[in-house]
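Both complexes below contain chain A, partnered by chain B and then by chain C.
Entry: the complex of A and B
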């Protein structure tokens, strides 16, 4: 038997998992696993033709279960997601090798469990991405859910509680997906993609509505779409450092992968667009767009109010997911490209940001934004990585986040959707406020006396961070590189492909060429530097040599503004944070509690005769009718 | 276009912006003087000030990011000017468009925010927190306005937006076709300049001039240069969107100075708003006007 490259990839990934499981307690297992991730990346690069065409590679294995064939294959869509998955796993794993691993072990962490859980996550994600029919998709979906739980729960305490919450949501989502699959089977008589594609045209509006709700809701849980977003931020934030970088980069995008595959590719945006909501002017597609927009705004403004760096980033991860869905739902060439490109861009800067924050935690022991400050003089490289990351997250030039958001804005403008456009920009503005608070409270302002001896993060952590920073900048300057993959993905899922160039996009209604924009920007910085440095020499002073309204400053005086950072804003909008979703979650929980109590009461109170009687009645009724 | 010509344009556009910007600072001070019944500064005072600040003996640096912040504040605007068409010169306006320009104009603010952050002075940090809040306030009506104009023109390319207005004559000007958007844009532009009654982040009586508290010598000089660019960029952008751009230099400069004179004249008649009042004002009136204006355009 000749192995296809997909077989090789899955075998490689499985081998990584085995190595982590078997040798996980040995020395230098981190490096071994990292090298194996590198091997997976090489196999993916060997498959690179997928990213530039609409070809498919099948796995050699397939099963036949109850008349349903189970198969696995890779196309441009799977390849694009797999590339991001394996690359973020490689860099997160690299980051964790050496010093982080040692200090993790000292604090009582289980390195064996960590590496195994990471490898399991990557392996299950690749299986999900390779799914060739709805049954294998469901199997992959459940595997990914449980693998994620393992990684989230391993830190114990708060993390385990957050992970329990996650798995409750994930199981509910899984049930919805399973229900949807059952419906599809009833309607199409098969779970093969081709059969579904032909069956969709014959489906009634009611059937389509139910499918959109069940699949959209089920997959949306993983993506953290409103109102199913509450689990995500604590679960990701409490995962051990490099794990949260990996989860934040790619994990919840598996939901978007499934949405792209089922809702966009199989059902088709046109069909979803035809589902009108009675008595209103909107249809199912508008509904998805508005869900996306609220997923942008509310989590972003929740992030702004966080006082823990990891939680702040995790909340932004939810918010940025909204941009991806928004772009995909708008579904013209630019919107689709923006949404898909944002998946790639988000993975790069989110991983870099989580790593930079983990590096700070590694050196200072805290991620509390009120207990840090002034670290730029002690950890300049980490500062630089965080700076590059937040510019990407906020979507400003010259980093890659700008390009994908620009594409989304442009598509909303072209399609004439002012409110969605406005909402997307509000999300960006909120992000700018929030990330400035992040970088200010960690790296700027006054250096605390206990941090005066802090050292820069070790090179084992620094190198992957710098690689990510470089990717963020380079794909910001040459967005054509990922846009080539994105264009193939668009073709595969049936969206119009975008007309890209190396520096951006070409369009009659306004183009973008980042090479020029960035070139001019840096020329501007150069001129600014010439003006600045040609003036008189400046004198470097100590941070305590500072204006304090007639007082002397000494090392024991805390002279830093960090708490309630946007006080003026909160005077106005502070009252709008009502925790409505928390209330919703609690009411659902108590409803379930109540129902289970009722059931339990019924069960305890009733006697054997009652059961016998009711069963007999039921059987008679069934036979007669 | 020949490369040499393009390089010439890319050099000239920021230079012109700087010179005009200095004159705008002068106009602002002269208007203030007239309102306060003073004589006001002489013609070259802005230039004297910049030279003076850059050649001061006392230059206090709080670290490398403090320096880089000032460089970013100047450099970001220098770059932004090349995306803003002026009569006879388009620079790289067609390679970026208005959304890129809008976001490029945030780079100087980001640079300033970083630089002030490293000064380790809470007055400065509070100032930046307020400045970012102000940005959240005025950018919301501003993007509504930009959406309306770009949608009406069918393009985000500023060169095309200007050309369409000039081709149709006075009746095709943005301000005539979309008066509500023009009014909303004017209010948002006033707030974006950070002049009274919106100077919440300078607030000398509360936070000791906020971002400027630790800026001496060339650091303050850099901010002065930034202000020249800011006045120029804001008014020229408004002229390009609503007043048909400039077909000749005379026309162009006249419109730009006149537009700027409106918020500046209002500024010196008013005291200061509180932060939440600025938000409330911006999110209510210009947003409402803008949304109604956009509804007309759609």
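Entry: the complex of A and C
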């Protein structure tokens, strides 16, 4: 049997898992699995033609169980997500090698479990991405949920509770998908993609609605879409070190992969657009767009209230997923490109940010934003990585996040959706405000006395962080590199492909050339630097040689304000913020909590009368109907 | 959990439920899915306890050390469950044939069930 490239990839990934399981307690296991992730990346590079065409590579293995065919294959969509998955795993694993791993072990962490769980996550994600029919998709989906639990729960305590919450949500989502699959099987008589594509045109509106609700809800849980978002931030934030970087970069995007495959490719945006909501002016696509927008706004402004750097980043991760979905459901060439490109961009800066925060925790022992400050003088490279990452996250030039957000904004304006545009911009405002808190409270201001001896992160951590920072900048300057892959994905899922150039996009509906944008930006910096240095009026001072309000400040006077960070802002918008935003956030949380309590009330209490009554009513209904 | 054996039984049931025209079967379908979520949540609580929490002191001191034996037994059961997946297809086909046969009650009685002794020639 001749092995295809997909066989090689899956075998490599399986071998990585076996090495982690068998040799996980030995020395240098981190380096071994990192090299094996590198091997997986090389196989993906060998398959790079998929990223530039609509070709497909099939796995040699397929099964026939109880009349159902199970097969696996890769196309541009699978390849694009797999590239992000494996690259994130490679850099996260590299980051964990050496010092972090030793420190983790000293603190009682289980390195064997960590590497095994990470390798299992990658393996199961590749199985999901390679699914060739709805049944193999469901198998991959469930495997990914289980593997995620292993990685999230390993720290114990709060992390295990967060993981339990995750798995309950994930199982509920999984069962919604399972129900959807059963309905598709009844309608199409098969779970093969080709049969479903043919059957969709014959489906009634009711059938399509049920499928959109069940699949959208099920996949939305994994994406952390409102109102199913409450599990995600604590689960990712409490995952140990680089594990959170990996999960934050790609894990929840598996939900978006499934949405692209099932809702966009198989059901079609046109069909979803035709599903009108009775007694309203909106349809199912508008509903998804507004869910995406609220997913941007609510978690982003919740991130502002966080005092733990990891939680702040994890909340942002949920919000960024909203931009991706928004771009995809706008579904024109620019919107689709923006949403898909944002998956790649977000993975790069989210991984870099989580790693920078992990490096800070490694050196200082805390991620509490009220217990840090001034670390720029001790960890300048980590500061640079975090700076690059937050510029990307905030969607500002010259980093890659700007390009994808620009494409989404532009498509909203082109398609005549000003309210959605305004809401997305409000989300970005919240992002800028909260990432400023992140960098300020960790790196700027006054260095704490207890951190005087802190050193820069070791090179085993710095190199992956710097690689990510370089990718963020390079793909910001030359977005045409990932846009080529994105255009192929658009073609594969049936969306109009964008007209990209190396510097951005060029079309009648709008153009962007980042090479020019960055050129002008750097020219501005250059002119500023010339003026600054030629004036010769600057003077280097010690961090503690400062004064405020006419008073000289000595080392014992703390002048960094980290607590109540947004006091000035709240003075201006506090009334509106408390009366509208906090009210809305609490309403969503209370609604979900209430539903959870109702569910718990149903199955955790022995209400014999209630069960008897329900059964009797059901039997009567059965007889009558 | 697909593709293990339990999944295929549930899959067969759920597709049959979804194919019924009576709307009450839809309620059955929802109850089925909901019960699976609750079941999975409880099983995960056990899994979380098993590898996260140190066993209580009295359990540790009173339990014989069966580490190797437990691991072997668990591995054998695990391998058995995975091996059973391979058997699902022939077993499932056989059971499906029996079920189809059983739908025609008279034919089933004539061909499968033995006639009473008194009626035998």
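Assume the second predicted complex is superposed on the first by the 559 of 625 C-alpha atoms of A that agree within 3 Å, B and C clash if a C-alpha of one lies under 4 Å from a C-alpha of the other, contacts with A are read in each partner's own complex, and residues count from 1 in each chain.
By our rule, a residue touches a chain if its C-beta (ideal position, glycine included) is under 8 Å from a C-beta of that chain, and two chains touch if they have at least 3 such contacts.
From a predicted model like this one, the values you see are computed outputs, not experimental measurements.
**Q** Since both structures carry chain A, what do chain B and chain C do when superposed there: clash or fit?
**A** fit
**Q** Specify the partner with more touching residues on chain A, choosing between chain B and chain C.
**A** B
**Q** For A:430, decide between first (touching chain B), second (touching chain C), both and neither.
**A** First partner only, chain B.
**Q** Classify the contacts of A:167 with the two partner chains as first (chain B alone), second (chain C alone), both, or neither.
**A** In the superposition, A:167 touches chain C alone.
**Q** Considering only touches as defined above, state whether A:153 meets chain B (first), chain C (second), both or neither.
**A** second
**Q** Tell me which partner A:569 touches in the superposition: chain B (first), chain C (second), both or neither.
**A** The answer is first: A:569 touches chain B but not chain C.
**Q** After superposition on the shared chain, which partner residues are touched by A:265: those of chain B (first), chain C (second), both, or neither?
**A** In the superposition, A:265 touches no partner, neither chain B nor chain C.
**Q** How wide is the angle at chain A between chain B and chain C, using CA centres, rounded to the nearest 10°?
**A** Nearest-10 rounding gives 160 degrees.
**Q** Touch test for A:397: chain B only (first), chain C only (second), both, or neither?
**A** first
**Q** After the superposition on A, what does A:363 contact: first (chain B), second (chain C), both or neither?
**A** neither
**Q** Determine, under the contact definition given at the top, whether A:310 touches first (chain B), second (chain C), both, or neither.
**A** neither
**Q** In the superposition on the shared chain, how near does any CA atom of chain B get to one of chain C? Answer in angstrom.
**A** 42
**Q** Is there a shared patch on chain A that both chain B and chain C touch, and which residues make it up?
**A** Touching chain B and chain C on chain A: no residues.
**Q** Contact residues on chain B for chain A in the complex?
**A** For chain B paired with chain A, touching residues are 10, 14, 54-65, 67, 70-80, 82-83, 92, 94-100, 103-104, 106-107, 110, 113-114, 117-123, 125-126, 128-130, 132-133, 135-136, 139-140, 143-144, 147-148, 150-151, 154-157, 160, 200, 208, 213-214, 217-219, 221-222, 225, 274-276, 279-280, 291, 294, 298.
**Q** State the interface residues of chain C toward chain A in the complex, per the touch definition above.
**A** Touching chain A from chain C are residues 1-3, 8, 11-12, 14-15, 17-19, 22-24, 27, 29-30, 33-34, 36-38, 40-41, 44-45, 47-48, 51-53, 88-89, 92-93, 96.
**Q** Which stretch or stretches of chain A touch chain C in the complex?
**A** 64-66, 70, 113, 135, 138-139, 142, 146, 149, 153-154, 156, 160, 163-164, 167-168, 171-172, 175-176, 178-179, 182-183, 185-186, 603, 618, 621-622, 625
**Q** Enumerate the contact residues on chain A facing chain B in the complex.
**A** Spelled out, the residues of chain A in touch with chain B are 374, 376-377, 380, 383, 387, 391, 395-397, 402, 406, 409-410, 413, 416, 418, 421-422, 425-426, 429-430, 432-433, 436-437, 439-440, 443-447, 503, 508-513, 516-517, 520-529, 531-532, 535-541, 543, 545-549, 559-561, 565-569, 571-573.
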